[in-house]
Structures are given as structure tokens and as C-alpha cells.
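Both complexes below contain subunit A, partnered by subunit B and then by subunit C.
== the complex of A and B ==
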């Protein structure tokens, strides 16, 4: 966003430069390049089945990434989402095993997520503790709590409800995985909120300049508080999908998940400094990383190489973006 | 985030006092912990237990010394855990093939210092946010260590000098503790009594002002990254000596423990504020908690829960104290 505006202040740049100044477009070109590259080199990559599979795999990071991006835009960070994935699976699975009701299980999980988000949000927005410290703390507390409660064993889903299993392997019209549908619907709804609803604009204002936002009459603390609740609730949805996929509450679920999501979000052009970025950028960041790891697997590369290459690409992409930004400003 | 700066940043800098407010809070927490644990379990004060605590502190303190410098310059390094594991494997492999502790140590320091240099260059030259840059490096190292070795690199050299590195004693003090004390002392003197140290604070507090006054701020940050890397090199060798193998899975979550200790010690993530003495207290608090949980026979999974509570609580108490001071 800021890129487009800084670019337009200068003398009219060429069409190509103008196109590339749009963060999302540059990301889209990257995504297409990745897909084209692997379609040519990897077998069975460019098939309907594989494409929709990747969408299904990406749905976790997409859903949680919405919350991550919103918290970033509000000028804070939330790194507790990985541990949250493991935590909310407990009420989900336990309630479902007891009551045989998906609705009750999901409600229980969402309630848990709501409480965690409220704690993170309260400690950050109202108690004034740095959000990295708060969510680092709750990350430890939740992971340790899950280990304590489960004795480091997985709790299997004994209810085996059809509706729950459908979350992992069901497909809309037999094509798109339900998990991807959920992610896309949530993405569209929140993207609309961020762009067109007053609350979305408030989040940008609060993240961009809290002092100005306060003078403009926005309740900065309340906005940040709600952002943390949104983040935790969306991570809860991702946790429910993950629990359906593995068919149990795993104590190790979501380890390092926060790093993946943060990396994809920043790759998508959402700034850690707040006020900058878009959900569509975040979504493209997630898809690029997901198609990349799927394609590398398709080439027969071991997981280790995927890690190495993903790490390099994250650094390169952010460095490239930074260079572009400086050129735009420096003229 | 912004409130934190408003509330506390200006006050801390003025005084040359030995104990900042957060150190005082931490000191009290530490004292209460020690008293409470020793009442519940008298063996807490046995010589063997104190040495065990110190030995566990050593690893964290070594890396935390570098990390404190780095965070004071307003950067952070999340790759230290992954680097720790990789260094142990490389050091052990070099030891096995050369049978020379000096060469093994050199290889470990060169590798870890190289990782620090890489991180520093990416952050200062390419201007990548250090949180993201070092997440990237972390992934590369985690993948890379498995490409280097699929399983643990066993100790085939049986060098006594290498075993002493982790398990040896000088008098009654374990070697790792002595190494940690040395590194801590050098870092402490550098930060507190040298121009370089003052510049490190200045870069973190206001990088632009430092640059305008003619100092190359990038070099200072690069320096802090390399120092952090070298500390990881030393810690990695000690760890592989203690485990008698280079474990590719070692060091998972180590970066978070180190950062938690530094933050707990009152060093601000926003840069420009903090002290090594606080870090020492932070490390001690975390490790005394760990130890207390073990000797009280509590569930060891509490070793994750309690530090989480302590980090949040200590930071909150610090904020309350600062608010009271401002009034």
C-alpha cells in the first residue's frame, strides 16, 4: 500500500515499474513462476488433484495467517499460535469423545481460543507488556500445560464423527477440500473487513501511528485487544482442522507453526512495524511457500533441502522487497 | 509496545546505579525462590546441587551474554538453537578426524562465527528484519544439519581434554562455569566500561543519531551478531562434550530459553536498554526454577509452564514499578 503511494509521488514511472510497485502483483508473479517452474520440472505437479491438495495443506497457515497479519498490522506480534493449536485440540477432542457432538466440541475449542486471545490481548493492550514477551510466555505456558495434562501422549478421537472426519478429507463438489473452503471464506470476509469496514481501517490507523489514532478518537487499546482475540480464534479454527487431519489431540501439534506463519506473512509484505500490508499479500506468501515445498517434494528432494531452500527464499524475498522499497523512497 | 518505551526508557539511562528496578525485582524473586525451595527440600543447598545448577546456567549464560549485546542494539537472533546443534556436530566431526581439540574448537568457532557474520550481513546490508532473517537462517541450519549428518556424530576421539570441556573441574568449579564466567566478564566490561559498549547502547536507542555522529552503526550491529555467533560456538562444543556426541536434534527451543533469560533480565527488545547483570539474574532465576521442580519431584513439564508465567510477571512488575516512579 505504502509502496503504491510513495511511487505515485515521484515523476510518472514506466508502466512496468508501476505494476511491480504493487506488492501483491509482484507476489502473484512469483507464485505463477513457482507453479510454472514445477509444472515443467516435477511430475504430477500440475494436476487438479495436486493443486487442490496444496490448497488443503495451505489452509492451516492461511487461516492462522489472517490473524497473524491482522495482529502485525495493528503493530503487535502473536507467536503463541503454534502452542494454541495443541491446546485447543484438547477441549475439542475430549468434549467430542464425551458428547459425540461436533458442535459442542467446536464450541468448547472456540471458547478456549477466545479466553487465550483475551489473556494475550489484555496483557498487551491493557497491562502494557510487550506482545512478543506476552505471547512468548503464553506459548511456553500452553505447551507446558498440554504436556502436563496429556503426559506427552496423544489423545485419540474415539467419537469418529463423520462430520469431523469430513473436515480433513471431505471435498466440496468432490474438488476443493472443505478446509480450503473454510480458509477462503474466512480470508474473503476478513479482507473485506480490513479494506471496507471502519474497524479494519482503525486497525491500520492504530498500527501505523497509535498516537495519531488516539487523537483521532480511536480506542487504541480496545482495537489491539480485539485483534488478539481474532488471531486466537482463527488459530483455533486452524487447530480444529489440524486435529481432524491427524485424528487426535497431539501434544506436539503446531511446533514451529508460528515461525512458518510469521515467515509467510512477512513474505507477503506485511510489515512487523505495523500499519502496512494486506491479507491478500499474506495469502500469496502462504501459497508461494506451500507450492514451493510441495514442488520440491515432487522433485524428490528430501525435507531437509526444503527447509534450506525455504529459508533462503524467505531471506531473499524480504531483502528484495526492502531494496525495492528503498529505491522507491530514495528515488 | 509504545507504552513500554514511554514509561521506562528515559529513566533507566540516567542513573549509573548497579541495580536497575527490574534487577531489584528479579533479585527478590531469586531470593524468595531459593528460600522457598530450600525450606521444602534442604538438599537444594548441597554442594552437588549448586554445582549442577551452575553447570546448567553456564550454557545459557554463554549464549545469553552475546544475545544481550545483540538485543541492546535492537536486533535479535533466533538461529542460535539450530546453530548450537550444527556446531556440536561439526566440532565433533573435526575432532574425530584430527584428534586435536584446538582444531575442533577452531572449526566450531569459525562455523558459528560465520553464521553470525551471515546473519549480520543479511540484516545490515540487505536490511532484512532480524526476526525474519534469523528465522530463515534457523530453517537453513535445521535442514543443513540433517544434510550434514543423519544421526548423532559419536565421540571416536576419546580426548580427555575434550571431555574436560564439559565435565572437568578446576578445583571445585566445573570448567563450563569458568568459561561462562570469563565470557560474561569480558562482555560485562565491554558493555559497561568501553566506548564500544556505549556505542552498542546508542545504536539500539537511536541508530540514526549514531550514524549522524559519524559512527558506522552497521559495523556495531555486525559485531554484535558475530559475538553472539562465537558464543554459540563455545556453547556448542561444551554441549557436545557433555552429551559425548554431536546431536543434530540438540538445541530445540534453546533460542527461546536464551531470549527469555535476556528479557527477564530487563533488556528491552526495542534496544538501547538493558544490562548483563540482569541477564545473569534472569539465567539464574530460570535455572533455579528448573532445578527446584526436579528436586521437589514435581512434574518436569512444569519446566515450561513456570518460566512462561515468570517472564510475563517479571515484566509486568517492572512496568508497575516504572509507572510508580514516573508519578
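== the complex of A and C ==
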């Protein structure tokens, strides 16, 4: 036996290499770099006010991103969430205007979201239609429906309930926006589910290898169905916060929102192929993009450039990831 | 009424008078194939029952019906005398039927421990997963079996043999009444096989009925109490193993006799060196390996698990990078880590892992077979389909590949028949050197003898055959020279006359 040669070959990877092997750590380093960069270059970037503002802005994508990531992990996609944001604002605002009750309005919105999730889930999991097609379809149908119903005019929130308005500008301890608190609580709860509850692991298994999951006795279709419902419900929560922020039901609400969320989720290392990724990765992806766009705006760069830079970062991140994975398999 | 391997004695005792599982009149048809035709199969508790038959005989199909993977077209299933309706894997698992499938069925992103408890996670207070228990129990399980697998490893990063061990451990992690193993030893070493046999005997002693599928007759004679033989989807015989001899069993399986597994028709190898390897080392395993293979020669490589045979195979055909050394094929130097020049120079590899490295399940048989030799069928940039089909049909006939047509998707063929398709692919190419890694893994005796005859013929036609094998009879029966590896090094090369089982094993231990 030649111990010398095997020892030199199997030397443990360096600390840095090991850190970067954990996707989340690499993302965290990126996030810190982004924040440091703009703190140095952009005025008024590194202030408590701006930081918490960004957090508040990120809360919509964080909330909906949970659902987006869960559906990705189950091996499907859901791009109907942007239109859902606009759609559920209708029952929300209309019921609140009629009843003066936040509870009833929110219940109505959630029920609506549940139905949309069930439709997406049924058509994908049970009818076997490709989820990209299904949710592309429901995305158009909902957006069209909202345009038709509102006649392209906003429906204002006449009830002006304090509790509803607090969703948009209230802050916990006068520091953290309530919307961010909601996002963080949901994120923690679902991250726990994905890691420590049997159902969370079933989602990973179903996305990782549906045939193996079936052999292990899982009801693959049911798992996927529920993932779509989770996604729609979380998008509904995001939609409620958005409606509170704009104080009305807008037909253009959440336009292109699904792509922001998908971009952040992919950046966060959640694989479209299913079975790979984490909610913390997704959250870091959302924060990186949000701070980036905030910082670029601080530098006075026009929105057009933000789009270009975001696009390049996503491709670079996924390419980096892919290269790393290939090295892990091939080497 | 089921037993837990890890905590025996906790469940209720098993009634040994009623059959554990009774299948009656099972029919199963696939488009163009009658996979099972009125098959009866009865399992007694505490008995080890071997299920034998050629590739495509219907063994895996019968098992998949028990496992709820396929529905049956006709027939009844009884568990302990009670008729049951098994509609999905879930139903089957609930009845206590645990299956180790022929093809590895694990989630590659999960850890070994998590895969073992995939079927049902132990949960603690409030229904959250008890990861501590999962880790501890899987370590305890491996301990009890004697397998050496790291429960914390990412499953996909393990070699096939260890994944197979994980599969086996998984079948034992929950309470069971029937444990089914479909070719569980296809990539285990003799030592691991004997550990597995100890486990199987222990299961039987606990009153569990065990089904054991294998193409290795010696294994079956060693472990089985009963043998059931299927042929072409029909039940041929069920007997206690004591009533069988090697010959009667083979006869039942293939309906004819095989007189000589290793007929040698070729002459002595020539003197021309077809493959020359000097001081080859790789980052992970190989250390200073030098040898040559001559045209018309079968050079057999033997080694225990982890000796580096597969690594060597991959390096010399240009799949994997090397750190130093030289590979010369037919007088031209091969560029390491470049399969294209390898193919051009005329060296090809037949892999042991047909699923991930060879076959494309969704594509039909003929495309899988002709993939590496499309150039031969091209005419002005178009594929001459008729010619392609004729060539493939020729191989289908020669190897008796069991498929309803050339257009069947390869994933629907039985495991052994998939292997034959892969072999056809490389033979069709016209090579100077062929490297075969475990060529008969999962292949039935009938087809084995054909593959041996074929290897003999290839060498006779002037190819150099480099054969990696862990099957001693195959090694001794086919090789002109035997090379032995240990820990990435070459420890011995001997001629056919010098080679004895003892010398080889000694060299393999290092």
C-alpha cells in the first residue's frame, strides 16, 4: 500500500472550499459583498432606515418566494403568482368595502387563492399537464379576468381599516415593517417544515425522484397538489400586503412579479429540476437582488441597467453552480 | 404479525402454518409482451425462496406486482390467508412486503440514513422528524448487518455497491413479513455477499419469508430452501432446492442444456500489441499501472472492491483524466480525458453501470444499439435506416435480446436484456480494443454462455479484450492472461497456465 500517495490525494479541501460548498454560505458572502460595495459607493445606503425599507420591499418576494421554491423543489413551476397578486385583491377590497371587516376580506382572498392553487395543482398533478403550461394559462386567464372586471380602473379601498393600513406602513417596535415580520415568520415556519417535517422531506423526495418516492409509498400527485396550494396561498398573502401598500385593487398589480421571484429563487440555488435547494437560499437570493436594485438606484443608475445587470447575475450564478456540481460529480 | 429486524421480539410472533404470501393465477401483459401467464407463487414464512429464470422471464414483473408497482391483469394475492388488494407501493409496504429492487431506487440528494427511513420517518414530539434516531438506527442497522457504509454520506456520491447495501438496509428498517431481493448481489464482493446471507438467514429465523432473485447458481444453492423457475412468463417448476442439480436447474430455466460454459475456439494471441499502458496514475486511485494487451488476447483483470478496476477501465478509454503515464492504442497515443480520440483510435468501454453511463431509457432499442456507429450507416449525411435496422436486428437475433420490436423503449426491457443492448452497441462499432467492465452482471446463464462465446470470437477476430471481472470462473475460463489489482496498483500478471484461484486471491489482497 502506498499511503503517501493516497494521503496527498485525499487531503481535506480548504476551509474556503468547504464554505463555498455550502450554497447558502456562498450566497451570504455575496449578499455581504453587495451591501459593503453599496455602503461605500452609494450615499444613504447604509442606514437603518434604508436597510429596513429594503427588507419591507423584499417581503413580497420573500413571501411568495417560499411557495415558488417549494413548487420548484417538488419538480414543478408556478408562474401564475404575479397575476394572482392582482386577482385576490378584488375579493379582498370588495369584501372589506362591503363588510368593514379585515378578517372577512382576508378570508375571501385566501379562499380565492386556495381555489386557484387547487386548479393549478389538479391540472398538473392529476390531469398530468405540464405545470409551466398550466400556470402560464392561469396567469393569462387571471390577468385578463382582472382587466375585464375592473375595466382597467383601480378599485380603491374605501373601508380604510386601521389594521389593513398598518400592513403597509406599520412597524414592529417602530423598526421592522410588519410585512417583513410576516415574511420572516412564514419563512421560518416553512423552512422548519421543509427540513424537519415528514411532509417537507416528501416534497424533496418527490422532486428528487418521483419514481423512487412512489416506491417508498408516497402519493406523488397529492404532494404536488398540496405544493401548488401552498404556493397560491403564500402569493395571496403577498397580494394582501401589496393591496394594503397601494390602498386599492390594481389591474396592473404584480405585473412581472413572477419573474422577479423565479429569478431570485434560481439565484438562491433552487433547481428547476426539482429536489435541490433550500428556502434560506431562496431568501438570500431575494435579498441580494433587492439590495442590488436599491443600491443601483442609489447610484443613480436607470432601471434599464438594473434589468441588464440582474439578468447577467442570474446567468452567472447558475453557470457557477452548474460548474461546481459538475466538478463534484466528475472529479 | 410482522417482525422488525432491528428490534426482534417486539412484534407478535408469526404463524408459520399459513403461507405468508400467496399469488394465484397472475397474468400481466405489456404491449406486445406477455410478461406473466397464469403464474402461481407461494411463500412460506421463515423460508428462503429463490426465483429463477432467464432474462425477461418475468421475475422482476412478478415482484413488481407484489410491490404494487404494476397492477395485475388477473389473479389473486393473499397475505396470511387473507385476500388483499394491492393497488400501489403504499398498500404493499403496509402489508409488510419490503422489496430491494433490481435497479437502485434511492434519492441521490439524500443522505444514506434518510434514504433508509424514506418509507416512514421516525418522528418525535409533535410529529417532527427525529433525526437523531434516524442516524442512530441506520448506524445500528449497518452494524447488525456488518456493512461498512457511512450513514451521513450523500447517497448519490457512493459507488453502486454501497448504494446496493443501502437498498438492502432499507428493506430491513421497518417491520416486515416478506422481504424480496431482486438481484441484490450484482455488485457486491464475495465477503459482502456472505454478510448478506447471514442477514437473510437471520430474517428467515425470525419467520420472515424471503424471495431471492439471482442469476448466480452457486448463491442459490447456498441460500435457498425452495426454487421457483419461470420461463417466458410461465411457471415451470417449484421444488425444494435439494431436488435440483445444476443441470436440472439450468434445464428448467432455459429449456435446454449447456455443456461447456467456456468453449475456446480461438487460437493463441498474436504478438502485435494493441494496447500499451505505461506508468498510469490517476488522482484518486491508480498508481503506476503498466501492462500491454495483444491483438487476439483476452486480458482479465481481477481485484476486490475498490481495487481500481473500474477506474482503470475509465482511464484507458479516455473517460477520466490521468495525472501521469501513457496510453497507446494500436500504435497511436491516446489523449487522456478525451473519449472522442479514444473512439477514433478504436478503443471502447462497456460499463458496469448501464443506467447512468450507457443506456438512454426513453430511446428505442435500435437507436441505443447503433448510437456509437452511426457513421457506418450514414449516406450523404442521412442515416440509412434500413441498413441500421438490419444491423441491429442481427445483434438482437444473435444475443436473443428479448424485445417485442426494435422500437421498444429500452427502459421497458428486462435488466439483462438492457445489458445485451449495450454490448451490441460496442460490438457494432468495430473496435481494436474493447474494455469490458463486469460484462455479465445480471445476465442469465444462457446469455452468459453466448457472451463468453462472443468474447472468445472477438479475440479470435483479432481484438484485444480487456475484461474487468470479479467472477473467478469467468476470469479463469476466458482469460489468456490474468492481471490482479489491489488498492490501485497492479500486483500480479500471470499466464493462464500459472493462474490459480489461490494465487489470484493472494495477489488481490496485496
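As a convention for this text, the second predicted complex is superposed on the first by the 320 of 331 C-alpha atoms of A that agree within 3 Å, B and C clash if a C-alpha of one lies under 4 Å from a C-alpha of the other, contacts with A are read in each partner's own complex, and residues count from 1 in each chain.
Everything that follows uses one rule, which is that contacts are C-beta pairs under 8 Å (C-beta built on N, C-alpha and C of every residue); 3 or more make two chains touch, one makes a residue touch a chain.
Here the structure is a predicted model, which means the values were calculated and not measured.
K.L.:
After the match on subunit A, would you call subunit B and subunit C a fit or a clash?
P.N.:
Subunit B/subunit C on subunit A - fit side by side.
K.L.:
Does the superposition put A:252 against subunit B (first), subunit C (second), both, or neither?
P.N.:
Touch partners of A:252: none, neither subunit B nor subunit C.
K.L.:
A:139 in the overlay: touching subunit B, subunit C, both, or neither? Say first, second, both or neither.
P.N.:
first
K.L.:
A:99 in the overlay: touching subunit B, subunit C, both, or neither? Say first, second, both or neither.
P.N.:
neither
K.L.:
Kindly classify A:217 by the partners it touches after superposition: subunit B alone (first), subunit C alone (second), both, or neither?
P.N.:
second
K.L.:
Have a look at where A:315 lands relative to subunit B and subunit C in the superposition and call it first, second, both or neither.
P.N.:
Only subunit B is touched by A:315; subunit C is not.
K.L.:
Which partner chains sit in contact with A:197 here, subunit B, subunit C, both or neither? Use first/second/both/neither.
P.N.:
A:197 sits against subunit C, while subunit B stays out of touch.
K.L.:
Tell me the angle subtended at the Cα centre of subunit A by the Cα centres of subunit B and subunit C, rounded to the nearest 10 °.
P.N.:
Computed from the C-alpha centres, it is 80 degrees.
K.L.:
Which partner, subunit B or subunit C, is in contact with more residues of subunit A?
P.N.:
It is B that touches the greater number of subunit A residues.
K.L.:
Which partner does A:262 contact after superposing on A: first (subunit B), second (subunit C), both, neither?
P.N.:
In the superposition, A:262 touches subunit B alone.
K.L.:
Could you say whether A:205 touches subunit B, subunit C, both of them, or neither, answering first, second, both or neither?
P.N.:
A:205 contacts subunit C only, not subunit B.
K.L.:
Subunit B to subunit C: minimum CA distance in the overlay, Å?
P.N.:
Closest C-alpha pair between subunit B and subunit C: 5 Å.
K.L.:
Could you list which residues of subunit A make contact with subunit B in one structure and with subunit C in the other?
P.N.:
Common to the two interfaces on subunit A: residues 211.
K.L.:
Taking the complex as given, what residues does subunit B use to touch subunit A?
P.N.:
Those residues of subunit B that touch subunit A are 1-4, 7, 78, 122, 126-129, 131-133, 135-140, 142-144, 146-147, 256, 259-260, 263, 268-270, 299, 301-309, 311-312, 315-316, 319.
K.L.:
Can you name the residues of subunit C that touch subunit A in the complex?
P.N.:
Where subunit C meets subunit A, its residues are 67, 69, 88-90, 93-94, 99, 101, 105-110, 114, 118-121, 123, 127-129, 131, 157, 281, 283-284, 287, 487-489, 510.
K.L.:
Using the touch definition up top, name the residues of subunit A that touch subunit C in the complex.
P.N.:
1-2, 5-6, 9, 196-198, 201, 204-205, 208-209, 211-219, 275-276, 328, 331
K.L.:
Quick check: in the complex, which residue numbers of subunit A touch subunit B?
P.N.:
Touching subunit B: residues 75-76, 123, 127-134, 136-141, 143-145, 147-148, 152, 210-211, 259, 262-263, 266, 272, 302-308, 310-312, 314-315, 318-319, 322-323, 326 of subunit A.
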